[in-house]
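Here subunit A shows up in two complexes: once beside subunit B, once beside subunit C.
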Partner chain A sequence: MENKKGNAHEKIIEKRVSYYYTVLKRFLKHGPGMFGLIVIMITLLLAIFADDIAPFDPYELNPRNRFQAPDRVHLMGTDNLGCDILSRIIYGARYSMIISISVVIISMTIGVTLGLISGYYGGFVDEIVTRATDAFMAVPSFFIYITALSMWDVRGIWTITLIMGIMMWPTFAKVVRSEVLSLKQRPYVEAGKSMGASDVRLIMRYILPNLFGSITIISSFRMAAAILTETGLNFIGLGDPTICSWGSMITRAHRSGAQLTFWWATLFPGLAITIVTWAFNLFGDGLRDALDIKTVT
Partner chain B sequence: MIRRFLTLFPVLIAVTLLVFTLIHLAPGDPFAYIFSPQQGEEFQTELKEMYIKKWGLDKPIWQQYIMWLSNAFRGDLGYSYMTGRPVTELVFGRIPRTLELAFSSLILALMMAIPLGVLSAVRHGSVFDRFVTSFSVMANSMPSFWVGIIMITIFAVELRLLPTSGAGLGMGLLAHLKSLVLPMTVLGLSRLGMLTRMVRNSVLEILNEDYIVTARAKGLKEYLVIYKHALRNALLPVVTLIGLSLAFILSGSVLIETVFSWPGMGKFFVLQANRRDYTTLMGVNLIVSLTILAAMLVTDITYALLDPRIRY
Partner chain C sequence: MRIKNLSTSYFTDDGIVKAVYDVSLDLSAGQTIGIVGESGCGKSTLGKSIMRLIRPPGKITNGEIIFNHQDILKMDEKKIREIRGGDIAMIFQDPMSSLNPVFTIGSQIGETIKLHQKIKNKHELEEKVVAILEKVGISDALRRLSEYPHQFSGGMRQRVMIAMALSCNPKFLIADEPTTSLDVTIQAQILDLIGNLKKEFNSAIMLITHNIAVVAEFCDYVAVMYAGKIIEYSNTHNIFKNPKHPYTRAILGSLPRIDSTLEELTTIPGIVPSLINLPAGCVFNPRCSEKITICSEINPKYVEIEPEHYTSCHLYKEIKE
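Entry: the complex of A and B
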């Protein structure tokens, strides 16, 4: 965001470096953004290698060990069924990541496609897509999730993922459309057109690569939103009851009345959600500052 | 202005169509939770047939939608399948509690967000600014219901300062306000991060304008530059935030009302959703969308009134 105040003569002898190199350099200097990236990396590693890292089986019930306070064996204590909370948090990372990554992939595919088409072709198609985007943005999405999930009665993670993916595309479409509108005016796109490049080629090779930055930023923010929404739905009782996700851990502790005396059962899963969501938000911010993109808010 | 108003209708139609299809194409019927197992099977089938006829569920789905829509335009949202009472009565009885929670938390959030945002923009790049920025991102990242649970644990259970749940003027104004404190704070906190950040960005943008440079160049005192020249313009976009925040806060209130057993619309909605109460679900979705659209419209109009550069 800040302007680099360099002396004029330094600017002149500066070596020519690629755009991505400067962006990378700027990002590496962005403290919060780097913090976010590191946390995201750790979370992904936990999610992938959960089987090797988790000290206990997250589903192993141990009624004699109920509500054990954090100690050396159970670093974060145990919950109302005697399950090790640390292990459940590590496995929970897996579900949180699977759900939110899938949600982002679905909504990104829909949103970017619609944004590209409406921004590039304009006219009637554009009118319809813009209207639909506005309509979807005015929809109280949380109410729709509740309606859909309770009516369709299949509480699997894929139902949740699908409905969230379908509802989250408007941000992608809006940003992509507005960027395409300005990109298609650029001289090199004109040049490509005059050389006889087809519409598909112009969109895929001339315009889409320039959207990489903003799409990554929105994806990061949407990841954060997806994690939070999934936990919220879980709390209402619309999550998948068979898996251990961070949301279901809080819900389980809350339902058993544990939060009153056994604080660790609610505190740690909530902290995990907060830190990972925070990381995705910080990463998105850092990337936006490094790329200096103003269209994404 | 009229054009702006007319754009509301397609959105409303789209929303109701979406919700209607979601509900009526879902497998199963609304009867799953209506009958108790004690009632004989024969009796149940007979009742079912009667209800299907009465509610028009045997008609094609598009006909049902048109019927619902034309009734809704006349202010009739049908009768709740579960309780048999008019949906409008059920919902409007609960809306005041939800709006009370929503507006008080919004006011609280704004009262904190505006000073924080302005200060951190004015001291751009300082430690304070960095702290506020990171904090607002973090406040944005916390699951509100979890914060609610922790607040209940600390303030209601451990310190015994505030009640854990419940509300209603029936228990006296003071007691009611006391039970409002926790849900209001938690809901406000969930929006605080976003608001602070937007206030900050808006002020930062204004501070780079030419007329601020001019004001400084002519030797105006810094606080005059900020209060007389920058803030008046910077806080205009904040007005739009109020409208946009309402959608977010209404969604958030579903969770907060559930945690704090707040007798509002959100909690009622969750309860009826679990019982497959078709008409109530349709009604609540319609009313919430209407509220959000109305808030956006009012925001646009206020904005145009406040800022003479904008005309619709």
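Entry: the complex of A and C
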């Protein structure tokens, strides 16, 4: 199969780069997006290696050291029970990541499946899914969280994750459905059908892979939303008090009356939440710019 | 392949669009039929109806499509999927958007072969794909397998589409304006390619086009469509030397000729009528230069006026057998 003729005309047209390579290159040049990615990577590293990185045991109580201002030993000070705040933030990264990643996976699975089905088949199924999506989006989610979580006796991290996952699917379903509506009209889907592909194959091979970009972007934004929601639930007392997430740190500091006097107890976890949610939003924005096919070519 | 009284309509909010109305056609192996007509006269809908690719709000309302002694319109989903891409394949108009952008050329062609020929062996499959790519004139096929559609030029993509359509040696190939978006030199190459494959596999080909010149050169039979109907059908020689229907004559008359010294091109006055509100009587009567009274009252029957020459026009009488 050695055929090296390849005339000049063809060489000019040839672009020896794949689509995702182009996207990657564009993303690497996207300043804010890269900043977001780096922050996310650091957070993930902290979450994974928390045991090795954290200078103190985050659960170790030290009543004599309550509310110690930041110094050389406790870089971010201690809280009302004398726990080292820096260590708690590092461990908090672990819980915040576990919760938000699980929430995104659950809601993505539900939302993408429903979005694909309703967008592709249309008709009666579509009607039901669309109504359900609208209903979910119309009701303020916090009321449902409060109702659902108050009914549970055991409020562990997984109960919270599950309910948040179930509550967050409509965004995925809505975006996926609208993209499927336009994707299924594309000539290559019809061409695929004309080659004998079944509905399932058309959805899995011709439509779903083309949704990869949008799903990643929404996931990134939903990660940020999940972190914030978890914090909010914690603050109104619906979190899991036994683990140290960033949300529970703020709640604990607030309840113990830290306020402005012991500013470090609320400021640092607050900063962590702000920076990480911001990073996810920047990352999503960067990804959206890089994946924008119209400007690639 | 025999199409009998096929009608396809689109049920839109503005009314029922009769895109294909009462079309009958016969075609046997090794023959090529050209479907010509203005834009919006139902050519593509006819092609898609044969593959049962009409999507809502469109619907095939009537007729039979007999292929290999079976009615395509009565098949279940599973059966029709086996036929699509296997026995009947279609080449689409727009090569730029008819390939899935996220998979490599090799995997897309391979998928069709895998689907219809049940070849599991990866190596054997790859050999097949390379062979078919070489057949359609893609050089360095082995390396090109792992490339994506956007790395190919328009002409190359159309070749890939043809490779895909031909990968299972279809008995019937529908080419829906396969060369419209390509430049003239590539057009000739692509048509040669389709022609060669006809010779090789003795397939029947339906070529949908507005390009009369292509039809003259390439087709054995020609069907002229107007407003969803076939208004004249005959062999290519008859259509070009002895056109009967005023519309066919008008089309041929509007072609610029290299040996004429006309200042202006001849045109057909008016536009194709809206398929929702078809004129009473003959669909072509508002634009017809040879209109007689009956034309705006009664729709002419589609009859054989000479051996192998059918038309629907009040100017001609049916021959009795």
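Here is the rule we use: the second predicted complex is superposed on the first by the 275 of 297 C-alpha atoms of A that agree within 3 Å, B and C clash if a C-alpha of one lies under 4 Å from a C-alpha of the other, contacts with A are read in each partner's own complex, and residues count from 1 in each chain.
Going forward, a contact is a pair of C-beta atoms (placed from the backbone, for glycine too) under 8 Å apart; a residue touches a chain by one contact, two chains touch by 3 or more.
Quantities reported herein were computed from a predicted structural model and do not represent experimental measurements.
After overlaying the two complexes on the shared chain, residue contacts for A:206 are found with subunit C alone; subunit B is out of touch. After overlaying the two complexes on the shared chain, residue contacts for A:134 are found with subunit B alone; subunit C is out of touch.
Once the two complexes are laid over each other on the shared chain, residue contacts for A:270 go to subunit B alone; subunit C is not touched. Residue contacts after overlaying the shared chain place A:188 against subunit C, while subunit B stays out of touching range. Once chain A of one complex is fitted onto chain A of the other, the partner contacts of A:231 are limited to subunit B, with no touch recorded for subunit C.
By the touch criterion stated above, A:196 is placed in contact with subunit C alone, subunit B being left untouched.
Judged by the touch definition given at the top, the superposed model places A:49 against neither subunit B nor subunit C. Once the two structures are overlaid, the count of subunit A residues touched is higher for B than for its counterpart among subunit B and subunit C. Listing the residues of subunit A that touch subunit C in their complex gives 1, 3-6, 10, 13-19, 122, 186-188, 190-198, 205-206, 209-210, 212. In the complex of the two chains, the subunit B residues touching subunit A come out as 7, 10-11, 14-15, 18-19, 22-23, 26-28, 125, 133-134, 137-138, 140-147, 149-150, 152-153, 157, 201, 247, 250-252, 254-255, 258-259, 269-270, 273-274, 276, 281, 284-285, 288-289, 292-293, 296. Those residues of subunit A that touch subunit B in the shared complex are 2, 32, 131-132, 134-135, 138-144, 146-148, 150-153, 224, 228, 231-232, 235-237, 247, 250, 254, 259-260, 263, 266-267, 270, 273-275, 277-278, 280-282, 285, 297. On the side of subunit C, the complex with subunit A involves touching residues 51, 53, 56, 77, 81-86, 89-90, 92-94, 97-103, 111-112, 115-116, 130, 139-142, 148, 150-151, 153, 161, 164-165.
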